Amino acid sequence: MTAAPGGATDTSAGDVAIRLEHLTKTYPGAFRPAVDGLDLAIPRGELVALVGPSGCGKTTTLKMINRLIEPTGGTVWVEGVDIRTQPTHELRRGIGYVIQQAGLFPHRTVGDNIATVPKLLGWDRARMQARVDELADLLRLDRGLLGRYPAALSGGQQQRVGVARALAADPPVLLMDEPYSAVDPIVRAQLQDELLTLRREVRKTIVFVTHDIDEAIKLADRIAILNVGGILEQVDPPAEMLRAPRTDFVADFLGDDRGIKRLSLMTVGGASLSKGPVVGQSATADDARATMAELGYDWVAVCDGDDRLLGWIGAAELDGATAVGGLTPKPFLAVVTADTTLKAALDGIVTSRTRVAMAVDGEGRYLGMLTVDDLAEGITA
Amino acid sequence: MTSLAARPPSWSGFGFDGNWDVVWYYILVHLRITALALVLGAAVAFPLGLAGYRWRHSYPAILGVTSVLYTIPSLSLIVLLGLGFGLGLLNDKPLIIALAIYTLAILVRNLVEGLRAVPDSVKDAATGVGYTPLRSLLVIELPLAVPAVIAGLRVAAVSTISLVSVGGVLGRGGLGFLFFEGYRRNRTSEIIAGIGASIVLAVVVDIALVLTRRVLTPWTPARAVR
Amino acid sequence: MDILTDTIAWLTTADNWWGPAGILQRLWEHLQYSLLAIGLAVLIAVPAGLVIGHTGRAEPGAFALSGAARAVPTLGLLVLLGRWYPVEAWPVIVVLAVLAIPPILANTTTGIGGVDPAARDAAQGMGMTPIQVLTRVEVPLAAPLILAGVRSALLQVIATATIAAFAGLGGLGRFIIDGFAVSDDARVYGGSIVVAALALVGEGLFAVAQRSVRPAGIRRRRAPLLSAAVPIPPTAGGVST
């Protein structure tokens, strides 16, 4: 079997949850296949994003995994089993499926919606109720919503219910088809963050279709970029793909701000900090001017006795002053912590007067300074 | 107690007094015919509707035939059924069948449209979670089509109640008999009683169906959906 | 098979067609009642529907009227008229018109009200006066639905006019009523066939008219021609199409 172009996908059978082997779909009467001989392995526990332009067959591929669309060639292995050997409805009860408009059953309560597959599998009532409650908590759904009908819920809540329903019978695999495309950007960001949090608690193999490369970069462990006709251009972890796109198509698809996108995957904690012009409150104006001259800045940062960052003072203000203590420091625009992404830091740096970001710890104590050069080093490293 | 098997009571005099049992008797006859027509019509509409939904190419044909039948005016249809199929015109059968046909025409269309109106995302989700097509139809699609079906049932019921009295032309038709006799014997009170009872019956049945829909579809808001 | 041969004999006897009580005469009477009633109804219901649909006021009233009219037992009304105005045609025609108003009104209202607001806005934006918007945009777009309402009403009127013979009027119903009175099955059956044929021909003509009136470029509905006869009950205010 040919290895997929790109990073480590030659995992042994045991670590692969889903394997697509020469998967083909040609619609009757069509000139070209919608998906042409796709080979792809989805490692267990990873979220693999299928991304590509329209017509690339990403949704078709996804739907062939749970046989909503029948392949015209090739095989799909889920957990080592050829999906054709199972009755379709059994296959689907073992795979979670989340779609764009949630597709909640309007005539059933939220709780009943979530319990759909367990009910199909014949769980007893107590077990189902416990599971529904557990999922409500996991998906941050108020338990009071369980008795209500879907129409009463907001778009974001409906999506969460959709995910809960997909997880209810604890399937090893989850298929998500552009689940966040139909909600507004604020809700979308929230749901994406919740998915990341969820994955820390519940590790499932997820195949995630999206047309939004940024969403894929944010959520995926591995991105598979498909070209029209289901041609696999590259499959790699996001950072790797951003660093080294294999083809022009991939590079174009990633966008011309690849470097900055990479910054969104890195945090301040991983970057090396520079030494900044810092003085204590008790310093004299001369001390301040000396520090500025030494490091080549026209301003100084001021810390208090506990090393907490107070702000900065420009060279002009120091004229005529004797001590730093008597002046009021202006607050820094860009103050970052270890968790802040480098992209956010860059935004602060570029828009601030001082052209730097100050890194502090949880208590506001000064740790170091981040300049544009530091960021560039981070990318090219 | 009035029983339908007993001899029908006769209208006495020219006023309303003492004739309420007559009206009640014919109301019962009227209801019987209505119920039979609706049940028969629904019973045939159900499989036809499912067929039209499942096999799309059959739907235009089904619709075409029912529409042609629906076009035939009530009296004409009753006669065609009675004389054409040897049922005779001196019993209720042609009337019941004619009204069943009208009911059928309305319900088939409503059932199919109602099923089609179920959002695709819901149908996709049903297949995706692992419902077999049959089970999906029974627990997802049909329940969600209930509002459309009941809407059709309301029209069918009210129309049927009103049309049953056409049988009065032939001396039958539940409350229609009151029109028949009232006309022949110059009794305006009898006619008015018949009209009133028929309208009240229609309103009561309509309200009953609306309430039934509310009970059957707790998930829809109780907005007045006409 | 007896009844069939008798009926065919009745239908093919020339004498039965001509003369003051012949099929053609009765057909003519029937058409008179029907067309006069429909004409009256259209005159009242279409303008009213245009206004209600355009302004959006009293819309629920229009639909409520439609529903209420369906509950009225027409034979009862006709017989009452027969008592109060024996053998006079005009009261019957008026009542037929009144009964025909609700479906036309409801359909016209929905038709006008359902016109894509974007089209209306565009028309106003181009500088059309309200009357022009009505006549050049809304009415053409609503025409198929309005016609469907008239078609449905006409069918209803033809049917009711048949029954009107019971209360002493002319028309094709006379064959059914009189034939029934003397147990002349051939006449009853023959009369029914002619009535059915009239209704079907009327429907057919209307189907053609509806198609030709539909503005070019609007996608055809899936449902076939004759299906328009069956009323789609008001769900969210929809009516017969």
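We just call them A, B and C in the order they show up, numbering each chain from 1.
As a working rule, a residue touches a chain if its C-beta (ideal position, glycine included) is under 8 Å from a C-beta of that chain, and two chains touch if they have at least 3 such contacts.
Note that the coordinates shown come from a computational prediction; the quantities given were computed from them, not determined experimentally.
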item: Chain located farthest away, centre of chain C as origin (C-alpha); value: A
item: Chain at the geometric heart of the assembly (C-alpha centres); value: B
item: Two chains sharing the most contacts, counting C-beta pairs only; value: B-C
item: Intercentroid distance (Cα basis), chain C paired with chain B, Å; value: 21
item: Intercentroid distance (Cα basis), chain C paired with chain A, Å; value: 63
item: Inter-chain centre distance, chain A versus chain B - centres from mean C-alpha coordinates, in Å; value: 58
item: In the complex, chain B residues that touch chain A; value: 119, 121-122, 124-132, 140, 143-144, 217-219, 221
item: Chain B partner contacts - residues on chain C that touch it in the complex; value: 3, 60, 63-64, 67, 70-77, 79-80, 82-83, 155, 158-159, 162-163, 166-167, 173, 176-177, 180, 185, 188-189, 191-193, 195-196, 199-200, 203, 222-224, 226-237
item: Chain A residues within the chain B interface of the complex; value: 66, 68, 89-94, 97, 99-108, 116-117, 120, 149-151, 162, 165-166
item: Residue ranges of chain B touching chain C (in the complex, touch as defined); value: 60, 63-64, 66-68, 70-77, 79-80, 83-84, 89, 105-106, 109-110, 113, 147-148, 151-152, 154-155, 158-159, 161-162, 165-166, 168-170, 173, 175-176, 178-180, 182-183, 186, 188, 191-192, 194-195, 198-199, 202-203, 206, 224-226
